[in-house]
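Which chain is which? They are A, B, C, D, E, F, G and H, in the order written, and residues in each are numbered from 1.
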Amino acid sequence: MTEEEIARLLREYKEGNVAEAEAVKAIAEAPFEEMRFAEVDHHRELRQGMPEVIYAAGKTPEQVRDIFYSLYTHSKGNLLATRADRSHYERVQEKVPAAVYDETARLIYLDRDTRITRDAAHKILILTAGTSDIPVAEEARLTAYLFGNCVETCYDCGVAGIHRLFAHLPAIKAANVIVVIAGMEGALASVVGGLTDKPVIAVPTSVGYGASFHGVAALLSMLNSCAMGVSVVNIDNGFGAGALASKINKLR
Amino acid sequence: MTEEEIARLLREYKEGNVAEAEAVKAIAEAPFEEMRFAEVDHHRELRQGMPEVIYAAGKTPEQVRDIFYSLYTHSKGNLLATRADRSHYERVQEKVPAAVYDETARLIYLDRDTRITRDAAHKILILTAGTSDIPVAEEARLTAYLFGNCVETCYDCGVAGIHRLFAHLPAIKAANVIVVIAGMEGALASVVGGLTDKPVIAVPTSVGYGASFHGVAALLSMLNSCAMGVSVVNIDNGFGAGALASKINKLR
Amino acid sequence: MTEEEIARLLREYKEGNVAEAEAVKAIAEAPFEEMRFAEVDHHRELRQGMPEVIYAAGKTPEQVRDIFYSLYTHSKGNLLATRADRSHYERVQEKVPAAVYDETARLIYLDRDTRITRDAAHKILILTAGTSDIPVAEEARLTAYLFGNCVETCYDCGVAGIHRLFAHLPAIKAANVIVVIAGMEGALASVVGGLTDKPVIAVPTSVGYGASFHGVAALLSMLNSCAMGVSVVNIDNGFGAGALASKINKLR
Amino acid sequence: MTEEEIARLLREYKEGNVAEAEAVKAIAEAPFEEMRFAEVDHHRELRQGMPEVIYAAGKTPEQVRDIFYSLYTHSKGNLLATRADRSHYERVQEKVPAAVYDETARLIYLDRDTRITRDAAHKILILTAGTSDIPVAEEARLTAYLFGNCVETCYDCGVAGIHRLFAHLPAIKAANVIVVIAGMEGALASVVGGLTDKPVIAVPTSVGYGASFHGVAALLSMLNSCAMGVSVVNIDNGFGAGALASKINKLR
Amino acid sequence: MTEEEIARLLREYKEGNVAEAEAVKAIAEAPFEEMRFAEVDHHRELRQGMPEVIYAAGKTPEQVRDIFYSLYTHSKGNLLATRADRSHYERVQEKVPAAVYDETARLIYLDRDTRITRDAAHKILILTAGTSDIPVAEEARLTAYLFGNCVETCYDCGVAGIHRLFAHLPAIKAANVIVVIAGMEGALASVVGGLTDKPVIAVPTSVGYGASFHGVAALLSMLNSCAMGVSVVNIDNGFGAGALASKINKLR
Amino acid sequence: MTEEEIARLLREYKEGNVAEAEAVKAIAEAPFEEMRFAEVDHHRELRQGMPEVIYAAGKTPEQVRDIFYSLYTHSKGNLLATRADRSHYERVQEKVPAAVYDETARLIYLDRDTRITRDAAHKILILTAGTSDIPVAEEARLTAYLFGNCVETCYDCGVAGIHRLFAHLPAIKAANVIVVIAGMEGALASVVGGLTDKPVIAVPTSVGYGASFHGVAALLSMLNSCAMGVSVVNIDNGFGAGALASKINKLR
Amino acid sequence: MTEEEIARLLREYKEGNVAEAEAVKAIAEAPFEEMRFAEVDHHRELRQGMPEVIYAAGKTPEQVRDIFYSLYTHSKGNLLATRADRSHYERVQEKVPAAVYDETARLIYLDRDTRITRDAAHKILILTAGTSDIPVAEEARLTAYLFGNCVETCYDCGVAGIHRLFAHLPAIKAANVIVVIAGMEGALASVVGGLTDKPVIAVPTSVGYGASFHGVAALLSMLNSCAMGVSVVNIDNGFGAGALASKINKLR
Amino acid sequence: MTEEEIARLLREYKEGNVAEAEAVKAIAEAPFEEMRFAEVDHHRELRQGMPEVIYAAGKTPEQVRDIFYSLYTHSKGNLLATRADRSHYERVQEKVPAAVYDETARLIYLDRDTRITRDAAHKILILTAGTSDIPVAEEARLTAYLFGNCVETCYDCGVAGIHRLFAHLPAIKAANVIVVIAGMEGALASVVGGLTDKPVIAVPTSVGYGASFHGVAALLSMLNSCAMGVSVVNIDNGFGAGALASKINKLR
């Protein structure tokens, strides 16, 4: 409830249009639409500049379909369901035929927001260390794109052949925000962090084997980066990185 | 070496002012000043918009003094040594008497950069969950301040008495970047992340006991935040959070 | 063996109705019914106010059927088998056709105890952070219900949209015991703990990915809760939370 | 802000005693007293049935003194500062000479609340496995006592000599809530949990060496208890156990 | 090479029956039969009082068959292959039709050693906490039996209903060596360890969920046992416990 | 309470020498002597063949003195306090001047039991990998000695110079029970386990640095020993190894 | 870019054959061939003495085929794709029919380099502790062979029957580099390290169960080896060990 | 015992110069000199090309002195005691006045071996990421030097300012073996590994804080290096790296 809304309510109450009990209740409770399994937050679009995103993992295809459709009809923004598999998508399509499924990124999305203009002077750059990191990178890229950003990518430029990274120096220098995605030892985040004065969002991936411990090695590596300006999101959390990059990229 | 510098070198070489061997060498090697124990990077100030920061832990007081003094004479920016104890400070003072020591934040600094103008319309807000998190918060605050930002703080507004956090909603709404500092279960990051559409930098602290495992509980909590737009730096890394907040806050 | 039973035995012995060897044996050994694979504890119903609950995981369908049937014929209370899959249920149904299977909660149960009256003035409230936590919550809800309690639920009210939690403040204030079920960062337990003076039982779930480590992040978060009055049960242990909530809720 | 307070405010506003801006502000913000380093929550005493407890670790003696004194003058209840050392106490005594220090439990407290009557029919029983667990047990005992409960203790009755535990069966049967405190393998919680139908709060302690990992072995053991009705608080968290036991013990 | 064998070789050499080069070689190298994939140790039966046991996991059915058959023809003792699945067994049967497969214990064995007489006065007792621990227990039981011991079992006597354990006190007192097998919190080992002055071999099992971490909770619990005389083998290592119990049981 | 004692009590009750209430009470409770801080178990000497051992760590010098003295006057066996420092000893000496302190092993003991005859045909052998493992080995040696065993030691025979271990083959072959004590990678346990058919008790020590993690590397190594007949006690638990070795060594 | 190449470029520029912008660009960027998903490094063969190796895991069969074919046409050396399954191989065969697949080692390779002469005086010896370690050993063996080395193997010579290892002492003495591959407790590395003055590369394998934690026990064991000259690669990293052994073996 | 020594013994025995029992004994046992606390291996100098090195940590100053002196008198090579503090040194000096103490590297050594000639064409290069890694690097440098190698160092060239590393490319290219020493995220090992075709020995250091976990982050990072030819030694194990580098560097 914004201060403006409170003021309006007070005035309505004073004028007798709203009963005391009603006013008390309105103040004590925030608005939400009740469904059997989830309370969708239609206010978030205004409050956070983007619609609620659906985390599909652990939800039934029917639940994802219903929430997606509810958001589809209540908002005008782009829609996004993450960690979705094909069975989720098949159900969503029943109600929102225009929805698209990206198998690599495991995203169901609807790219419909006509209010968006992408600012080419403020680019998000997404770098990966290897080819195997691409699914996470695509999740980040599509997320940032749907949230209204220009996104550029350079995949497979890990530090073991550092000249390949240096071929992308112009792109690194030109970016406003950089997302670095790497598994194994995650060293790319530190090297990139030392080459730029822009914020770097590091995403450890579960790529690797043995003592990579499903991304823990890269996670620790990135948290301990000796480069200034590097922060970290959860292992394989391409969506989180894309959403945060968007938030940062939209600051003026 | 910037492209401009390469171009200038090429022309000097063409005009015969620079011998071939010299040009080859200049291209193959980056500039650095050799000291016995450390190679200080005087170019960083231009490249990253801030002078090199000294990580004092593990260095002798003499080493910190000499690097600090070298930076003092080679740059015009503010200076900063982190994780410093009083013995480091005593030596630094010998050569840079104007340096200040903040015991809580364990920082030695010199606030001298007259080129800085702080932009009050772009504030960094630093929140802590408890009183014990203040040393880390002060490290972040001073860092962000020395890097040229307006910084505001609200300390001790953890989630167990959530009305106290809500008293700071206006400050949260007004901030451009938010740093959330919490130990124990680190829940503050998620709650704040849900209340703002600005980027949130979460700093886990080693405050707590038992199964907090010196900050691991808060770290994991923050990495798994269900709120969008939260990224994490290392445990107790107030400096890192402050520097990153500054980088983000200066984006236009 | 209660003191009363010992006294009775002593008197029987004194009167010669029980031989010495028999009395010695009776004192040295507790009663149990021997089956090939398990010794069912028929005394527990009286001792603990509820029949023995069967942990089905790791038992064959035949074993679960036989224990379930043995409890069915030896007690009058409600029956419950946890962590059961459909193959367990099919066998149980052969002998106890009235048994019900709840697939979400993975429970086989028999709701037959006519001695139970549920006290509406002492409610157990079960909250979940997300939709994916519902299976664990349903395990807790059904358990508490079968043990004779009034149970209320509010699902999907995590801290990232905290106004949704606040819509349930009246239910929180009205509850006698609260069970908070959350995966990812598990912050809901701390926030709820700060809003109530009733005991809070926190259940971490394995919902999440990457650095959630199958519930470890939520577990640590909850163990380190800065709120007073929060205790924790094992990851995904909905049954344990429901049973403990019942024990607490029945105190007078 | 309770519903009653909102109603009162609305009426005052309607009658013109409160200006609109003022009313809006009052609604948007919760009450708190600002101090430089901490915002003390004077409302908690009513909301949670007990005054705010001070976590002294990480606070300076001066901070603890000032918060303690502020609570002393603003409330009428008992006061408690946990994890306090003698230097904290010396400062507290300057302003609250009646305050007492318990070195074993590391508590500073003031036992002054004349409104308390302890209910001997609802006892909290505290059991420890060994002599070395006593400091944690004393923290729990004093906490529960200051919150207005009858508390009984049986120390050093670990499972390696189980007849010693059985000597306390009458006390176990008579208790309303049981706190079990154990380090090493923490097996006592499971054994006691099997002997009672009352709730058991398990506190792992950091007592032990080697693979006890400062309480982790006991913590895991207790979380995996095969007994029904056992929940766990943080390692060495005697205060948390005492406070929770009190909350449970006061349910009617 | 025993001292006796060395002596014999020396004499043969002295008498000229063995050339110098040959004697040097014989001394420098130990006997072994070469196969493509494994070097079977036929001397172990004499050296360790039992034939080599085959660890089938990670070996192909053909490898297990060939080693089993090689042992079958070279020794007279009982034979044992652990961690074997049915496909291993099918191949072994081709060459050793008398071999038996125990599915629960995952053992292939041949019980043929006529030299064995089992000593009923020296019994090994195997206890399990729950029904789910039985596969590990059966692996231990069969191992100890095949190595020539009298073995007794009491399954499902965990500490949550401690009277069920006490029903087996006579068996506990009568045993020469006790194997305690438990998952979850593993408390049974400590309780049994306190009831006997015989050695206790504790086997943690991976039974449990959540924070049992596939047996780590039980493992740590057992390593930290407060009872004297308890040692631990690897998680789920029923074979190891059975073999060690046999070694201890045969000491005179 | 033995069956014999129960029988005697029954007869006394029948003859009227013992009242019913008294008999009931006697049956329900086991004997123990109450002291303020600890309940000493005087029956253990008979039940376990050795007096209770005092774990001094975490106990005050006064507590250790009083328990030691109580055991001194109530039993005739050898006495032992483990993990004791000099301050414990000074107090013990006040009441038991004959007590001895071994600084390396951190043991206070009294070697007075004249009933002991050590059996030279059943030796316990204690091996250490390095010189730094000697304190743990001495704790094991003295424990086993005081419990009435012949003990032999070979220190510093780690596997990196395996010929040094082989020099002790005769001692290994002659031993009845072997204790292997090693830090770092703990490989000695596996090698010795392969050389003997006697039980091997492995003790990991916290000797090492870096990735030895205070004994965890050795602990895991020993738990995973590929040799048959190796079991493990807690890190640095020399006492536990000595006591278990004694239990095993006394089996006939 | 080598110094020679820079010099040549400078001269071309001076002579006017290369424009300034072009020269600047050439200096700033390293050579690479762009493909959609990967940038293959054709320079590595010269720089590292071997062609780029493809890590197939996480790549689609089409990606592996295209990279393999690209390397096939651009280089003359042997080719190698690691962690490949049969589906990768089927696609590779489409374009490079001469490629071979080794199922045990999970390698696709092409053994065609006619420039290689293997030096029999500099052998690499690969030892495994057990039969289950063979797949990792074969990966190492084939790698080292394809890189141009003489390789010898001794499989299944773990420390539990140490005479089997000693049978290979002549091979150990003759080797120039030794690779030791072991799971479970990994003790073989330390024993071999003590028997040779040549470098030992230790490879922990995920062979084992329970507290082997998928190779962590062996990894820690090897990192803490008390033997001098042992270093470690990642768990199951047979390729890494083979490649490193080759690099070391080729030093002169 | 070499084959030659065996042959000689056989002949002596045949000729009657050695009795049978004596010969048997000589064969069964390896030579060693007995001291009370340690068995020094005087044969290692020949077998491993270097004298035994003393690991001083955990040894008393007297023990270190006696072993050092024993080596001093029995060998002609350089001597080295690692992890030594000043108190060790003071005692060593009593008997070997020429011994030197390096406080940074914590080494006591004697540089006396006149047989050594250092080969300038085969250099070991030691790189550190930061100034704080220097103590470990000095331990490696001195070790490699005393073992007879030419050693070069470049300290403080971490990846955050990667141009500083590139200034050392000529040294990297010239080295025969490279030791990379880094704490925090340890990324330097991967970057260097990608720049060279020589073997790289990576040493993680405990430099860092928070989630560096005393070197674990760097350790995991290095084990997962995406660069070929990198192996790892224990955290802070400068000695191990220096010794291994020497072994590799001496291969011809």
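Here is the rule we use: a contact is a pair of C-beta atoms (placed from the backbone, for glycine too) under 8 Å apart; a residue touches a chain by one contact, two chains touch by 3 or more.
Please read all numbers here as calculations on a predicted model, not as lab measurements.
> Tell me which chains count as touching both chain B and chain G.
Intersection of chain B and chain G contact lists gives A, H.
> Using only Cα atoms to place each chain's centre, name the chain farthest from chain H.
If we average the C-alpha coordinates per chain, C ends up farthest from chain H.
> Go through B-C and C-E and name the pair with more C-beta contacts between its chains.
Higher contact count goes to B-C.
> So the centre of each chain is just the mean of its C-alpha atoms; given that, what is the distance between chain C and chain H in Å?
59
> Quick check: how many Å separate the C-alpha centres of chain D and chain F?
38
> Report the inter-centroid distance (CA atoms only) between chain B and chain F in whole Å.
54
> Taking each chain's centre as the mean of its CA atoms, how far is chain A from chain H in angstrom?
Roughly 50 Å, centre to centre.
> Hunt down the residues of chain F that sit against at least two other chains at once, touch-wise.
Chain F, residues with two or more chain partners: 28, 130, 161, 210-212, 216, 219, 223-224, 228, 234-235.
> Could you list each pair of chains that touch, in label order?
A-B, A-C, A-D, A-G, A-H, B-C, B-D, B-G, B-H, C-D, C-E, C-F, D-E, D-F, E-F, E-G, E-H, F-G, F-H, G-H
> Using the touch definition up top, name the residues of chain B that touch chain G in the complex.
3, 6-7, 10-11, 13-14, 20, 23-24, 27-28
> Applying the document's contact rule, which stretches of chain D touch chain B when the two form their complex?
Its residues touching chain B are 1, 28-32, 37-39, 41, 43-44, 55, 57-59, 63, 83, 204, 206, 214-216, 219, 234-237.
> Enumerate the contact residues on chain B facing chain A in the complex.
47-50, 53, 176-177, 197-199, 201, 219, 223-224, 228-235, 240, 243-244, 247-249, 251-252
> Which bits of chain H are touching chain B when the two form their complex?
Touching chain B from chain H are residues 130-132, 134, 155-157, 161, 163-164, 166-167, 169, 207, 209-212.
> If you look only at chain A, which of its residues touch chain H in the complex?
So the residues of chain A in touch with chain H come to 129-130, 158-162, 184-187, 189-191, 193-195, 208, 210-213, 216-218, 220-228.
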